[in-house]
Structures are given as structure tokens and as C-alpha cells.
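First up is the structure itself, then whatever we jot down about it.
Chain naming follows the written order as A, B and C, and within any one chain the residues start at number 1.
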Amino acid sequence: MTDLESKLTAEIANLLDDKKVDVFIAFKKAESPLHPQPAFFTESNQLGDFVYNSLCQNNLAAFIPRYPLSARIGMVVRGCENRAVNHLVVEKQHARENIFMIGVPCEGLVDWHKLVNRFGEEMIAVDEAKDEIMISYRDRQIRAPRQELLHDSCLRCVHPNPLSADVTIGELKPEGDPTLARTEVAAFSALDNAARHAWFRKEAERCIRCYACREACPMCYCTECFVDHGVPRWTESTVSPAGMRAWHIVRAFHQAGRCVSCGACERACPMDIKMTYLTEKLNEDMRTKYQFECGMDDKTQPPFAAFNLDDKNRFEL
Amino acid sequence: MIDHKPKIILFQCQWCLYSAEDQTWVDTQLPVNIHLVKVPCTGRINTLYVLNAVQGGADGVMISGCLPEQCHFKEGNLGARRQLDQFADFLDHIGYERNRVRFTWLDLQDRGRIQRDLAQFEADLTKMPKSEALATRVGGHHD
Amino acid sequence: MSQILPKKNLKQLLSNWAASYEIYAPQQLEKFAHFMPTNGSELLYIDEQHNTRFPPKALFLPQSETLMKYTRFGAAQETIPESKPRIVFGIRPCDAKAVDLLNLMFLTEKDSDPYYQARRKKTALIGIGCNIPCPSCFCTTVESGPFGRQGMDALLTDLEDIYLVRTLTQTGKTLFAEYPEATEAQEAEAKAVQQRSLKLIDPAFETKGLKAKLDSNFENALWQKFADSCLGCGICTFLCPTCFCFDIADEAQRKERVRNWDTCMFRTYSLEASQHNPRPTRRERTRQRVMHKFSYWLDHVNKIGCTGCGRCVRYCPVGLDIRAMLREFNQLEAEVANG
């Protein structure tokens, strides 16, 4: 158990023992080395399996809308998860006073796609040190620089620190460089229309419509999604180009002003589909057009919920 | 250049044409290449409608609505402006050119403007190549 | 008796076959292996020790399939696919067995699915064994193995620069007719490779008595525990080589009736028109997947509906592991039915 894990365990045990929370959402060790499992602790004696490392790929805020508003929930949060919680509070999916967040400044997540694509499926364990990842096979061990294996969203992360956690454990990290995401969006936008379209098709048409991106996203909490509708049928139900493209367009657009750039959608995808080039474009537009960044506080409404008459002269007439 | 008339989908707020002549023209005399979808307010236009038009092979989409402060439902048009404008930008991001989605926000005095705007839009679209990005149901054939 | 196929001859062999067969073989899609058509000129991706990410069941039961086309005036035309002879090359034993299991569902004596039949009947499966299984593989636990032969027409064993070919059916024999017989030393080498591989896979859970334990623990609190972590996405079932649930829908804009894969993980699964759902929460849906494979399949065809390919284990975004789930049931007692 790492130093961070023991500090977190002690903190969580206190919360549960003092009955300050009804459930504590964190991770526990799973058999697969690449995917620690979200776990729901209700007693401090369950914390034996507790684990917290860079392979904890899910955004735990995705589990919050499952609970009634009155449930007192505890969570370990990184920067992005903290922002997701904030925005869920804005959208009234939970009450801020009923969430207790233990913040951990984030080192960045190790992307399992990058691990598997580079080191194959035969890994039996993955461990981490400060700047290195150790990959164990049955008969040997390999080391790789951590930076090369971080998820793309983490590489361009601006706010790795929790913004409004109730307790923060660990040293705060320096803020990230906001120009990184902007540069990537700009580079994509600089391509001509045909090239952008070709890229979009190539990515979207690998989709198997398993909707893992939707289920992994903290903001996709609609109880009925547009693709689930039989009548009216909003888009084709098949894995045809029409259906797959419509899914990717509408999924991303529904996140406009609501995406916290955690990248959980991409990490959940079994087909290695890139999605953040869509959501980052929308995030960038929200920043430049409306000076809005999702989840920075738990009060500000997103731009599409907060239109006003000042828009009068904003658009072409 | 395209050899036939571009296919245009017109989403029209039912309150935005203040002159009865304009409304009659839209209702009865639209050219055959322009398809009318009348909505109770621009705020009712789901982005999925626009997407469906685009996937159905529309060369252009025009949305006509009321100016701010003149919305029949007070502020339906304000939300619509933000969302649909952003959606047009987003479609451009994945290859459906921005100028294929156009808005015309009409004022009380704008008699005859809808005809002029549609004519201009059609002229502009004629100069562009046929829209292929995103179209998945063109003329009954599918890819 | 086995034959020898030198690796350098593989391309030639595939292009010979391509004259009369459609060939599908694992190739690189992005960074992973995926079954795609080939005529022998493409670079194959089979020396990798792991399986394709997307299961080859899609070659027989496509994720979306048009059943019929219709017109506004009531005319309807079934669209049963024109079948060309096909070869699926480089299929792993777990997936070949899965195709064989699907036959039990779609090619019964009483009733055959014409769409599945058209694709399956004319397809030969040329498999390749797994020299180094993944830690997530558990084929040996569910009556298969890294060199299992069920469902295949021929099985290849990778011996560095040659493949040792074991033909298993008449089709297999015809396809490899030209190749020389293996020496005894080569046979022995292959056997050693196969046994080494077999030893690398540990039993994952106990299947004996498992069905009774699952059946009698239908309402056990464990199901809720698993469902808590489950996201409700379709990865485990869509990537599963044996999951075959489908949903039939009308695509009115296309004037087509289609069949899409369905998954018990979705909230629309078994949702009725009245909006009643007999499996209303994740608990029932998570249970359905496990029970279907390890209990209902046994009821219907007396076979376990899992081949141990490990895809659901490897790609679950929340690390839910069917092996661990079943081990928890191994621990429980089966209730003795009273009276």
C-alpha cells in the first residue's frame, strides 16, 4: 500500500466510522491489472481491497446520479472528478452538502489503450513509481516512462488539482498549460473540410454502439437516451454510417458546455475511438464565446441553459 | 458547381413572417427544391432535426426566426440562437461547411426578405460543390 | 497425421485460395487485430499472441443485418445473403468453438435461420492455436483449450518458421492437399508447444455444480454488488463470441426491417411496449448475462455458453471479471430443493 493509499484509507475509515457518509465511492483491486473496479464502501472494515493509483480510469462522478439527493456520498476526487461533481450539482443531480470530497492532486492517468497497444495483452501486473511504469509478464519485467503512457486528456489537463474538495491530501500540482488543448483544436480546424470529414468518418465508423462512452460519462445521466427511442426514431438503430455518425455527433454536442475534459469516454471505448477532438472543440468554443469552463464552480449555469438578451448583437442577422 | 438546383431545408418559425403575403408565398409557392418544415418557434428546432436534414442530403439548411425581444414565447429564440449557431460550427468542424447552415432573423419591417434570402442562399449553394459530407440517405440510395 | 506449411508460403496459399474463396483474416485496424477481407496481399496480424478485439461471430451474425426490404405499397422482399464460399483464416480455438455453439442456436434440425445458414454453411474455419495464452484466458475451465479443435476445419500450430497443420475435416484436407507431411520430430515439437501452453492456464473457477449454485442463488445479494460497479454498457456482450441476442427493428426511412445485436446490459433490453421491463435494474441485467451463459444454455443445449476467450475480462471498463464473480458463487452452497 502506498503512502497516499494509507492516508486515504485512514480518512475514509474515519468518515465511515463517524457516519458522516452513507457510502464512499472509490476503487478496489480487481483481477485485471488494468482496471481497478469502482467500489462502494459502507463500512470501514471493507477497506482492505481499497486501491488508488493511476490506473483508476473511471470518472467516479458518473455514479452520483444513481443515488437519491438525500444520500450522503463520499468520494475520492481528482481535478476532473471534482469539476464533474460541481457541474452535477449545477444540474441538480445531487446536493453539494451531501457530497464529501477527498481531493487528490492528480498525476495523470495511465491509459490502458496505450499499455495494451504497446505491451500486448499478456501483462500480468502493472505497477507505478514516480516517473516510471513497471510492466510484468510471466517471465520478465519492462519499464517505460510514465509520460509516454498518460492518457491524452491528462497530457493537456489544465486543472489537475481538486477545486472545492472538503479535504485535500497530497501536494498541489502546478496548473497545466491551457494553450495545449487550444493548439490541438486549432491544428485540427486548420485541416480542410474533406480531411476533417475523413477523420471523423474513420473514427466514428469503427463504433460498435456499445455506448460505453455514454455510460462512463458523468454528464450522460439521461434516463432515456435519444438512441433508445423507438418512436420517434431519431436515428438509425443499425451500425450503418448514418447511425454511427449521428451517435457521435449528438453525443458530443449534448456535452457542449457540460464536458469536464476527463476523457472517461475515450478510456472506456473498446475500439480505441478518439472522441475528445469533438468535445475539446466545443469546450474551446464555450471558453472563447462565453468565457465558460465547465465545473469551475457549482453555481454557474452552462451557456445553453443561460441565454439572455445580451446575445442580441452576437449573431449574424 | 452543381448541375441541378441545390436541395434546401427551410425551418420556419410560424410567427416570424409578419406579412401575410410572405407567409402565403412560403406556404404555397416555395420552389420544389426547398422543403419547408414549419415549427412553432425556433426554440422547438432540435439539433437532431438539422442533423437529419443534413444526413438526408440537404445541400443547405436555412432557419428563419424572430429577432430577440420579438419571440412569441418570450425567449425561445435566444436559446435556439446559441444552440443552433454552435451546432453549425460543430458540423463545420467535422466537414459540413459552415455556410451551408444559414439563419435569417426577421424583423417586423422585413417584408419580402425571406424570398430574397432564400434566393441568395440558393445562388451561393449553386456555386459550391454538391454536399457529400455526412449525407447518408441521398435520393433513396445509401452508402 | 499433420502437414507442414512454411510461413513464407502463406501469402501464396492465401492468394491461391482467393481465386475461389472470400478470405477473412486478422489484420491490423488501428493498433489491434480485426478480421478483415484479404486476397493474400495484406499483412496479417496473427503472430501476435492475443485474439482479435472484435469477435468473429460478426462474420456469421453481423451486428446489423437487413432481413427484408419493403415498399410503401406492401411489397416485401427478403434479403437472404448470396453466399460465396468463404474461409476464415487465423481464428482462435475459443472463437471457433463459439461459432460451433452458435450453430446450436441458429442451425437446429427443426428450424434454421436462413441468414445465418447462408453464411455459415459455406464457410471453412482455419484456426491457429495459442502458444502463449493471455492471463485473462480461461478456455481450459470451460471445456476448451489453447489448441481446442471444435468447430474447425484445420488447426495450425505455430513452430517459428513453419505452421504444423492438422486437418480435421474433408474441407480442411482439400485446402491443404498440396502440403507435405510433417516429420515425427515436428509432431513432437508441436505437442510440446501445445502442452507448454496448456500448463500456462490455471483453472479460473469450478464449473461442477455451478449451475445448481447459480439457480438456487437467483436472489442472492451478490448480484446487487456486481451491478453496483457495472456501467451498463454493451462491451462484454458485444465483444463476446457467443452472445447472440438480437432485436428486430423497422428502419422506416430506409424501408428495411433489420436485426441488430441486443445486449442484456442495456436498459432497453426486454423492455416491453407497455414500458414494463421484467429486468428493470442493472441487478437483473447483470444476472441475466451470467445466468444465460452458465445456467440457461445448460437447460437448452446442455453446454456452457462461454468459451473462455477473456474479452469481457480484458475490456470491461470497470474491471468486472466474470471469473471472480463465478468464484464467489463457487463459495456458496446450493440449496437442496425441499419436497
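We take it that a contact is a pair of C-beta atoms (placed from the backbone, for glycine too) under 8 Å apart; a residue touches a chain by one contact, two chains touch by 3 or more.
The shown structure was predicted, so the numbers you read here are calculated from the model rather than taken from an experiment.
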Comparison of A-C and A-B (more C-beta pairs in contact): A-C
Identity of the most central chain, Cα criterion: A
Subunit B and subunit C: spacing of chain centres that average the CA atoms, whole Å: 48
Inter-centroid spacing, subunit B versus subunit A (mean Cα positions, whole Å): 36
Computed distance of Cα centres, subunit C from subunit A, in Å: 31
Shared-contact residues (touching 2 or more other chains) in subunit C: 253-254
Where subunit A touches two or more other chains, by residue: 240
Where subunit B touches two or more other chains, by residue: 137, 142
Of subunit C, residues touching subunit A in the complex: 29-32, 48-51, 53-54, 63-64, 132, 134-136, 200, 228-229, 231-235, 238-239, 247, 249, 251-254, 258, 260, 263, 266-268, 313-321, 323-324
Touching residues on subunit B, where the partner in the complex is subunit A: 47-48, 51-52, 55, 67-69, 75, 78-79, 81-83, 85-87, 89-97, 103, 105, 133-134, 136-137, 142-143
Subunit A residues touching subunit C - in the complex, by the definition given at the top: 30-40, 57-58, 62, 113, 116-117, 120-124, 138, 206, 208-212, 214-216, 223, 228, 230, 233, 236-240, 267-268, 270-272
Residues of subunit A that touch subunit B when the two form their complex: 188-189, 193-194, 196-198, 200, 226, 234-235, 240-242, 245-246, 249-250, 252-253, 256, 278, 281-282, 285, 289, 303-304, 307-309, 311-312, 314-317
